[in-house]
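Got some structures for you, see below.
Next come two complexes, and both contain chain A; in the first it sits with chain B, in the second with chain C.
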Partner chain A sequence: MKRLLLASTAATLFATGAQAQTTIELQRFFGACDADYGDVTDVSSAVGECGIITALINDFEAQNEDIDVEVTTVEWPGYDQLNAQLASRNAPDVVSMHYSVISDYTSRNLLEPLDDLLAEQGIETSSFTDAALAGVTKDGQIYALPFDNWTMLWHLNMNLMEEAGLVDDSGAPILPSNTDEFFEHAATFEEATGKPYLVQILANETAAYARLFYTFMLQQGADPFSDPTQIDLMTPEAKAVVEFLKKISDEGATTTDMDYAAAVAGFGSGEGGIGVNGTWLIGDYTAQSEEEGNALSDGYTVYPIPQLFATQDATYADGHGWAVPRNPGRDDDVTAAIGKLMAYLAENDFQWARTGHLPAVASVFEMDEFQSLPHRDNIAEVAQTGQSLNPQVLRQFSIQDIIGEEFNSAVHGDKTVDEALEAAQNRINDLLANL
Partner chain B sequence: MSAAAPISRDQGRILFWLAVVLSVLMLAPMAWVLLLSFTENEALSRGTEAAFGGHFTLKNYSDIAGNSGVFRWFLNSLIVAVGQTSGVLIMSSLAGYAFARLEWPGRKVIFVIVLFGLAVPEQAVIIPRHQIFTTLNLHNTYIGLMLPGMSLPFGVFLMTQFFRAIPSEIDEAALLDNASRFRIFWKVLLPLTLPAQATLGIFTFLMAWNDYWWPLISGTDKEMYTLTIGIASSQVNFAQTEGLGFLAAQAVFAAIPVLIVYIIFQRHVVTAVSGGAVK
Partner chain C sequence: MAALHRQKRLSNALFALPYLVVFAALLAFPLGWGVYLSMQKADLFGLYGFIGTNNYVRVLNDPLFWQAVRVTLLFVATTVPVLVGLGLFLALALNRRTRGSAILRGAFFSSTVLSVTIVTLIWRFVFIPGDGLLSIGFEAMGWEPIGFLSTRGWSLFSVGIATVWWCLGLPMILILAALQQIPADLYEAAALDNASRWRMFSRITIPQISGTLILVAVIQIVMQFQLFGQAQLMTNGGPNGSSRPLVLYIYRTAFENWDVGRGAAASELLFLIILAAAMLQFWVTRRANR
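Then we have the complex of A and B:
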């Protein structure tokens, strides 16, 4: 009996040893949805950002029984919490991070370069799209696994566009190719439908202004951050963009006074022809268009923001990546497990692309499953035309807020365009000078 | 000062209807949040008028209950709020008594220094405080979450004023009966301060329960999340459109303990708001 007990104990210990758990602490936004997806490992059955990332992690754990991924969710974007953790030397192993804030951490040497880790897993940097790779590369090194690209798009109510005669024989929307044409289309649209051409987020909003500003600056080939330590907004290109944004509002070519939620619902209920919003809404609007009896029924499509300025077709794009905070004391086992997780996430980038975000892995664009997703062929070009700000620019989230506040003042007539540009420039340069 | 003249019947009627209108205005946002919390998220994403369209659901609440961490966060909030409230009551009472009743060198200067604390915003001290707590290894502990809120200059001020308002003859009578200072404090004066204690306790509890910033940067381990942090962390990125019903259900869920505290201590809250606590 004693021998039996000893044998069973030894067997248990051996089994436990063989399955010794390595724990990765992963911190992310995208919300928590344990009630719906807590046990789901079939990723293809999951929908939405929260559902898909939860199922992905569950599936990874199921495939790697020796690795436990301890997930902590944070309120979007979670950087206050991360900063506090870094300050108290208590940061997680893997953290979700926008490409636009990576510089804030790399400039303080707080992130691990991932080139070697990715190479060990057989992930070649050439496998990523240009836009995604540019987003995570700082000083020639990769500081996050790129997971997607997102950008502002033109979500089109094709029922209203057709009513306005802005659809060609093939059924494709006729979009403007310069700012003059934009206003001609807007006038035509309003005359035919009695509704504004655009549904924009113009209240309680800063991000949308900044993203549109960057897009139209890029289209003019102008870089307001040619020197990454200061912004130059006293240029003809910057003035042209803000005057264009103001004219859209002044001429009634847009809904006004809508915040984010109102603009999302407003486009869905047919209050205008074109919803200017992000990639993440494609799934919701597509689902709505497949139902009967609503403003988008059988009449929704989506395109990148058209080239309205002459120099180049470009759009401002950001993205989500997975960064690894620097921790000299991290065990090799944990580092290896992080590498496996990165490889898994890259391998399953298509699943994430079902959210509406554009894939970071270039080969996903060639997948039949991806191409069969609604509207993705229309927006695939963003993988080439998408550009981020100069990666050396710090505090991009704060800069975005300043630009949004000042341009909002200009668009609503509280400041002249020149005053708004000057105020934005002074505030941003004060911010950057005091880092 | 002469007594106020009694209000006429017409004035009373006007005041009554004014109160009704104000009550409706105050309750309307709460009723709206309650209604949203029982409405499907998908329907709400297409327009909040869906709340009146029969898209009734309990899923928003079941999603809260289905989150494995929510009861832990609830417990954490309760521990932090009760602990912080207890600490504030004990320290404010002792300090208030010392400032109001005892003669000791530097009393006035130190009282003024304590009052200066009222003028120092949390933003001004949060970074050094965070660093001190890092050095002391207090982050992600209950004591770390409670300690900052325990230094409440307002509490000291309130209790000092309340002790000062109690006639000194009471102490003198007790001293004549050979009662010790602590006995006078504990048996004679402290019971007289119960209205102020209740007021201070309620405000401290509510403040601790609703606190967001310090728990966000100190209790970063999900096991140490308070309810405010936990429910915020479980929101999807565009909760205001994609999860409005869930957002409203979270607000209702988080408000329930506060409502219970309010209902139990309603009389004292009203007294506090009307200024009756400091006589």
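Then we have the complex of A and C:
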């Protein structure tokens, strides 16, 4: 009986100890890779977005044994799920969020301002890059820990570019400087390799169309959202961009019918010369190029989307941050644990930058380790040329879907360019007029 | 006596109470709440005022809504007859007491127990360009591969194929159960009269299972009007909305665009469409049987 009592007491104490552990519920996209990285705490050995963020969280838990981070992985971008959780007052403590959607949530008072939390952890807002800080600041308050800036890039298969003679004497790729040159290069490439110049995401995805559209609008110095409450697409600049996108498809300068996964794999297996995709793939493609016996072996590099329109060199950029949904009932110890996690993520922004994203913490740019990462010189200019949409524009993901869907129909010939532009404008303005 | 009778009737009603509570909580109240929401300016986080029929006007003036209606009607009109016809064919073929039939019944029904995620994953392996089964087959034959999931027309066809494969088990089992209820002496009497197989099928089998066929058709009409997961996961409604059914339209409107009032209005219209289609099917079949 005595033994039983002692055992019961010990079990109770153990259980009480377990309950004392603070749990943070973290919800993120970036994919699931527990089979490869579920136990990895050596962050430097991880590769790719999923691998690095998984290892970072594992390492944070190892360093803070009193904090348990329960990770829920959602399919990109996961905002539908988050909306349902917020509506049912069951939101996670920390959630990954694009800078471009933060305004949607702050407009409904759904996020905690983080100024005090970051200050308590000794994180100075001046430590972030201007672009990152602007992305997370709304009405003078910070609503997410900025983690990176990203943009679309040209990932180059140098083995195929060399075969096409599109490499100069220094070994650098020869890239077009206007749309006419683009089609000349595409024809040269196709003739030499029998493959399309671009590997694009043209099926069942809308984001790529919208990002390219914004990039080429910015390159013409045109802002379709000069008034953040309505879009103006009936302009010569907008028409020029959609006609250019359509001509790429009409002239066979791109792969067709590839969705996101097929396009990522397609570029990796050498189905075309230039993969039009984001910063987040640099780490993965670099790792692939360092292995023998594949299409990218010793033949991969990456550049910003070249300036193909005359006015200015510019590219559309967005970023990822970590937001904290509002929860008046959150315990102080959970809030303190969230602060620790934020501090850890900011301290390890270099590790995240190994994915290919541009760091949100300015000092990372000065680190030797960062500067020695492959291809970062090529894309450093994005820090200056990257521009986001007017942050007052709400529902940017919905707008992205509409633009992608309508422009896809123009590119595939289901609508004329003018019809697609008019339909997109009407749909977006109806959306914004009824918020 | 009359008072006792009334008391008895009231106590009898108590037996229906558990069902009525569930019915009221899970069906009647949400339906009423949906109608209320459809007349509000609302998102997931609050209501911002009564706006009358404005949401209905916006939905009815939206070309995307009518496109979704056309897509859904086309989908229902093509998949339901195929499901009923194939279900009948399989049920007739497997209506035997042999081990092979039992195994095949299990095999054909097995797809029904899979989740929509698995079903669409399997069919994506078949339809995706490049490494997809059909793409490899087309290339082996020297034909130009078709973008099944990204070409207008083919995308809805691909969703339909996956849906038929997924949903075929239930019609087959229901019709099989009905076939096994037909008294054997009807067929024996017909055989004595030297009736042909076709005559036995058309004059005995079909009339005997007509009630089940109506039930299967109505269930499938209601189910296929609610097409969502396959379209979202295989084609995302594309290209250009050509495989976007009504439920995906509602989902996009309410959850992605945060326009819950308008989504609720579209939901009420879908409810009326399903009700009308099911009643029409019921009425036409009953009339034909008379």
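Just so we're on the same page, the second predicted complex is superposed on the first by the 392 of 435 C-alpha atoms of A that agree within 3 Å, B and C clash if a C-alpha of one lies under 4 Å from a C-alpha of the other, contacts with A are read in each partner's own complex, and residues count from 1 in each chain.
We adopt the following convention: a contact is a pair of C-beta atoms (placed from the backbone, for glycine too) under 8 Å apart; a residue touches a chain by one contact, two chains touch by 3 or more.
Quick caveat, the model's predicted, so the values are computed rather than measured.
When the shared chain is aligned, chain B comes close enough to touch A:V74, but chain C does not. Look at A:R395: by the touch rule set out above, it reaches chain C but stays clear of chain B. Of the two partner chains placed by superposition, chain B and chain C are both touched by A:A87. In the superposition on chain A, no contact is made by A:Q351 with either chain B or chain C. In the superposition on chain A, A:F29 contacts chain B only, with no contact to chain C. Touch criterion met: A:N434 reaches chain C, while chain B stays clear of it.
In the superposition on chain A, A:T335 makes contact with neither chain B nor chain C.
In the superposition on chain A, A:D257 makes contact with chain C only, not with chain B.
Touched by chain B in one complex and by chain C in the other are residues 80, 83-84, 87, 265 of chain A. Across the interface of their complex, chain C is touched by residues 79-80, 83-84, 86-87, 104, 108, 110, 202-205, 256-259, 262, 265-266, 271, 395, 397-398, 401, 405-406, 408-409, 412, 414-415, 427, 430-431, 434-435 of chain A. Looking at the complex, you find that chain A touches chain B at residues 29-36, 38, 48-50, 72-76, 80-81, 83-85, 87-90, 260-261, 264-265, 268-269, 280, 284, 288, 294.
Against chain A, the residues of chain B that register as touching in their complex are 45-48, 62-63, 65-69, 130-131, 133-134, 139-140, 216-218, 220-222, 229, 232-244. Of all residues in chain C, those touching chain A in their complex are 41, 43-46, 58, 64, 128-131, 145, 147, 149-152, 235-236, 238-242, 251-252, 255-259, 262.
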